[in-house]
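These are the structures in question, set out in turn.
In what comes next, subunit A is part of two complexes: it sits with subunit B in the first one and with subunit C in the second one.
Coming up: the complex of A and B.
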């Protein structure tokens, strides 16, 4: 029997948002034994995980490596990101505006007006959270102002719903995952629209667990690009991304402790020792060589503050400017000034850098 | 004020809980934990009538609690509403029995031969379906009257004292598994005894019988607290019993300070057997005298919901994947849908199977020789839904030891 200490890890990552997941993935890819500790799926439930790089210093060391790693990891997870640091796309929102992004999951990437000239904006009868007429009108207006030639037309399809229910994105998403007849019903409803369009814009309903195979099946059947837009929470494309990335981390050997908040971060003489999780009955004690703190902008004050400045090696500093612990790194929106534009790019960058630092690879992260 | 009273206001309506709920996933008409929990709780606290038959469909899996980023005790709010829910007379009568598996077990094991024979007869099952609304689709587990014996193990006499809490299923349906638990404990240097307690109370709570659940909690707490005071650990091998001992007793005994204190003591000293063995391993004390494997054993692990809710990682998965010859994958395919007695209810049988369909598919794709899971009713559901043998991890681990180590 291998003598693996079950609750001792090389690295503990706190937080399962974009930064924490990236950090955990990097550390695991470097052969480390990783624990991912989380309460809830970060901001994935609210959005779709798209990345914009505006506001990020392009000369930041390791930015390109970080984005490259992230693209590779999401590809393996079946929800590959398209785009890159030098790309800019305008992706439609359900309110008929355009959002500037540099990277997006493949199921959103094709919504850019330059990618298609005839765009069908498809609503679902009874779905109160998306109005295709309104969205098509606004998208056409914005596209013409931006001098993009795409034409937007509004459509409405009717989909069956479970008896006694109203159409809802969560119902459709779950049925897309579980029910082959529903997928066929959706395909058949979209077919006549697809025949006259280059791209279809849909509210996000294509499954909470589906990956490239399941979604590209629809595109192939329709012979037309399909692009989803995130709707009100729960965002189906966002939760899909989270579920796929989490499943991929499990496959990579990451041990996941979901649902139990951190009660205490144990630091002795400037050295991180372990965390106590608020498990039932008694705290669960996990120890590790390194901690990556990626608990986001709304987390509790675990180390005396709810956001931190860091030094060049991503080590968080206390109010006097001193390093809190020599084996503690911070990543994502818990860093000062990181909630402005480029939040997810910062999360990927700092998540990547902290994972590499935990693996003992001398990546430098310079702020600003 | 209790923690969950405050946490109600933490609900931001992000609907994470709804995306995690196995019932919402399989059965879109179910209003979901957000609605039945925090949203309606606000009404209930104002005294507004909002009882709903949907409360009966909460599986009690606690996945909503684990998904919530704001630490709202969602399932607890639903459980309390369930306890106030008014049922039809037939369901009330049936659920009265389902809430008392300990009593059922005692009655059935008076003459287990006759009980098992009768429960296997078509006319009997037809009548149970007609009168009690118990589905004829499933077979009942066999009842056995043998008791859990503790072999006289010379060296184990000196070991650390532990009290094994068998729970209803092991006690009345699979006492051999109880014997295996005891053997495994002895092999690892513990001095086990078997608790003379009844049902843990999970089935009572699941069937909305809070009064019975409280009785069970009180009886269990009183019968085990002495051993805990004397320094013994309580060991469970059923994930639902373990979940109850760790999380449920103090809530149920709210209002009686003395009992609550005892319940907290029990909770703090309750260990899942896998958790206990992993701690032994961490301390370098796990018995590893395993037989070299003659053949490969391809297994798939299903983590029961009440295993996840205990917040202890995956002790059994991590133990078994270190056993020679064992190849094991974690299915990670959600809830099985059985939820104890839920799957036996005629009107709930179809949705119970629908919830489990993702797990069944995953098992078929992995094609293991057997599925390993700690929960007895998960085992029943897996065998019923896939035809693949399901077993408790205790049996896999015990089999791995050398004959010499076992004797």
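Coming up: the complex of A and C.
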């Protein structure tokens, strides 16, 4: 393939959610020149990127391969996912409920009530979106209903805040990344609690960029499991996951155009040509051999319809059932217009399949 | 056993106005409301303080009442009124004869109006269609119906009156053809109570017929559903009316940071279980866009509906919703049950006049010789300058203004709470600028209008009324209710589930646009990410 123009790529991936990132990673791993175009960190700011396989047909071809690829890629990015298709864990939430997941980043994974018997739920004074008493009481209630033996106790620690600000997860996350004194302050505040517990549950604050080394440092220092919970958006664990994955994509040679909404998807005679991005001075024109459209729910208008279906090769179809463009694949939540349970598993699966298709590797994919 | 002279059934504007009027006359009273204050038609209207223009052609009596009450309410409750002014727009497609008729009728009843050329009208309201023929001004205004109802109650409570929310009337005790008392059930605690009284006033609006049945009396009320759309910002500075025979979607009222378009008029069997169809919304949006074209592009935040409890005298029982007078009827059931009175029909703008009529009758029955003074006694005492000054040193200007408008003299309590605990200055609802201090005050025990649910907090403070529709601030309000000890953890969770259900319901009728994404966000967060609550209505 000829890549003479700097704005010409083998693949353009639109959307930097779970599907888009997986698709870009797969295409890059196959040696393609990839552009990742996005308006921002997708749905990562809303949660933690945990994967549920509820509602997914386990016999879907290439599901195992897709999950295997995703685990390998996240591991390389320093935010490895634990678990697998056959595992089920119950992860605690700030509302004191348990979310059923099959895969989760390592810093969430140990929240399962079977992982520890004495769990300390730790709030931070002044952090108004989390209340450890409320969470501990509800977790204890739900754990006993589920017949899990874990005991939950509520604690509160005080952390310094920048002058004139209210305590917030963004501020703490930022400082955890950059400020070694802050990390030590957090460790010292947690130490007496860690002495009497085998797991600590924290609202997500352990860095927007930190990786395994920085987070496991805290666990090692405390000698007890540490697990985060996603807070109300922006969710720090989710933003961290995004930042780590994006950094890894850059390393793999993917070019990233972040902050630019797509103005137009150019299709001529049933063939995708390029995209126009809304950039400050004038539209930015990128062209490629293939487009992977992973722009999330509510973005069907890019193809001129509020929703559309796809064929077995993830090619979007128009209202008459004809393929819209022979070199255009759709992946992720744009396919089902909602992010119901199992959304991330679908995103990984379709992201993986579209990346492989873009690389010319035929994968068997049938919509579940 | 509790004892009082008068029991009022219904906590809308009318019931609250009666409680205040009686308090001023020194007559003891207890108000019972089955839900929260302003939970029925009062809280589900446009929030329009009518100038009278809407009724002037067809119902001069109703229009005259509006003219008079409009002036009085501006005087007694300035904190509830946003003096937007209003326009009656002459649209090209409407009957020009009606314009002249409208103008003449206004002159006859002294409704202050001025005729504007199309250019002048467009200069005032650039969002009107460019092909309008002209417009008339009028003194329409926005009225905060929640605040109005609460202010009446608060003032009455300060003079010794009582009220009970979430208390449904279960029976009216009648002995020898005379009212003896009222049995009620506290729907939150499950406790039953009895109030002995001499007089029962039925001010239950859409529920008036059911209340009357408890006394074995018939009160024919027609429930006429009106659907309203909340749009995410103000598309006009003034209230925009279409100058024609009253019809659907011909009033747009700017209200705080949003504006409200309505309504429809559909007869329904009762005041509960209302739904809105997609066609109805489409119909309202299309008509609304004829009046303000920018509406077609606007984001609909939520859709709500309420019922106008129209009084149907036997003579007009075949008439349609719009033909029945918006006037009110005072029914003295003396002949069948002594001490039982119903007040039905009417509208928010004339709530005070309705209360006056009832209270005149009650005063006469009780032999109390004190005239009505609600037209001159201010509902809220003057400003607390010291508290206001202190607030300006603690909070940003827009927060001070909104908090002061909502809380009036309670501002002093909010200020001292922040002085004691500076973290209470945190703004928890960013759309309506509600601080944690105000939130905790609404949930606390110091207020005379304690909130019992998260939606109550919304009606006290407007928390959750903005674009996020409580997705973020509703959660914080739940935690605040837990932290202040109003609810235990299980109760707090249950409260939040109910709250999400209500907020989701109001958005589930919206089928396109940005608000659908907002709703999905809420569903995904609380339904999927937190596995907290099932997503109904999806």
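By our rule, the second predicted complex is superposed on the first by the 360 of 368 C-alpha atoms of A that agree within 3 Å, B and C clash if a C-alpha of one lies under 4 Å from a C-alpha of the other, contacts with A are read in each partner's own complex, and residues count from 1 in each chain.
Following the convention adopted for this analysis, a contact is a pair of C-beta atoms (placed from the backbone, for glycine too) under 8 Å apart; a residue touches a chain by one contact, two chains touch by 3 or more.
Model, not experiment: these values are computed from the prediction.
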Check: Clash or fit: how do subunit B and subunit C relate after the overlay on subunit A?
Finding: fit
Notebook entry, point to check: Is A:46 touching the first partner subunit B, the second partner subunit C, both, or neither of them?
Noted result: both
Item checked: Partner chain(s) touched by A:97 [first = subunit B, second = subunit C, both, neither] -> second
Next item on the list: Could you read off the angle at the CA centre of subunit A, spanning the centres of subunit B and subunit C, to the nearest 10°?
Entry: 90
Margin query: Once chain A of both complexes is superposed, is A:280 in touch with subunit B (first), subunit C (second), both, or neither?
Written below: first
Note to self: In the superposed model, which partner reaches more residues of subunit A, subunit B or subunit C?
What the structure shows: B
Notebook entry, point to check: Which of the two partners, first being subunit B and second being subunit C, lies in contact with A:165: first, second, both, or neither?
Noted result: first
Next item on the list: Examine A:307 and indicate which partner it touches, taking first as subunit B and second as subunit C; both and neither are also allowed.
Entry: neither
Next item on the list: Applying the touch criterion given at the start, work out whether A:198 contacts subunit B, subunit C, both or neither, answering first, second, both or neither.
Entry: neither
Margin query: Touch test for A:258: subunit B only (first), subunit C only (second), both, or neither?
Written below: first
Margin query: Please give the least Cα distance, whole angstrom, that subunit B and subunit C reach in the superposed model.
Written below: 6
Check: For subunit A, which residues belong to both interfaces, subunit B and subunit C?
Finding: 46, 233
Notebook entry, point to check: For the complex, which residues does subunit A have touching subunit C?
Noted result: 43, 46-48, 93-100, 126, 128-129, 131, 133-134, 137-138, 141, 166, 230, 232-233, 297-298, 306, 338-341, 343
Notebook entry, point to check: Once bound in the complex, which stretches of subunit C touch subunit A?
Noted result: 423, 426, 428, 436, 472, 475-476, 479, 482-483, 488-490, 492-493, 496, 512, 516-517, 520-521, 524-526, 528-532
Next item on the list: Note which residues of subunit B are touching subunit A in the complex, please.
Entry: 13-16, 18-19, 24-29, 65-71, 243, 245-247, 267-268, 270, 278, 281-282, 284, 286, 288, 290, 308-315, 318, 322-323, 330, 332, 357-358
Checklist line | Sites on subunit A touched by subunit B in the complex | finding: 1-8, 39-41, 45-46, 161-165, 168, 170-171, 174-175, 177-178, 208, 233-234, 239, 247, 250, 255, 257-261, 277-282, 284
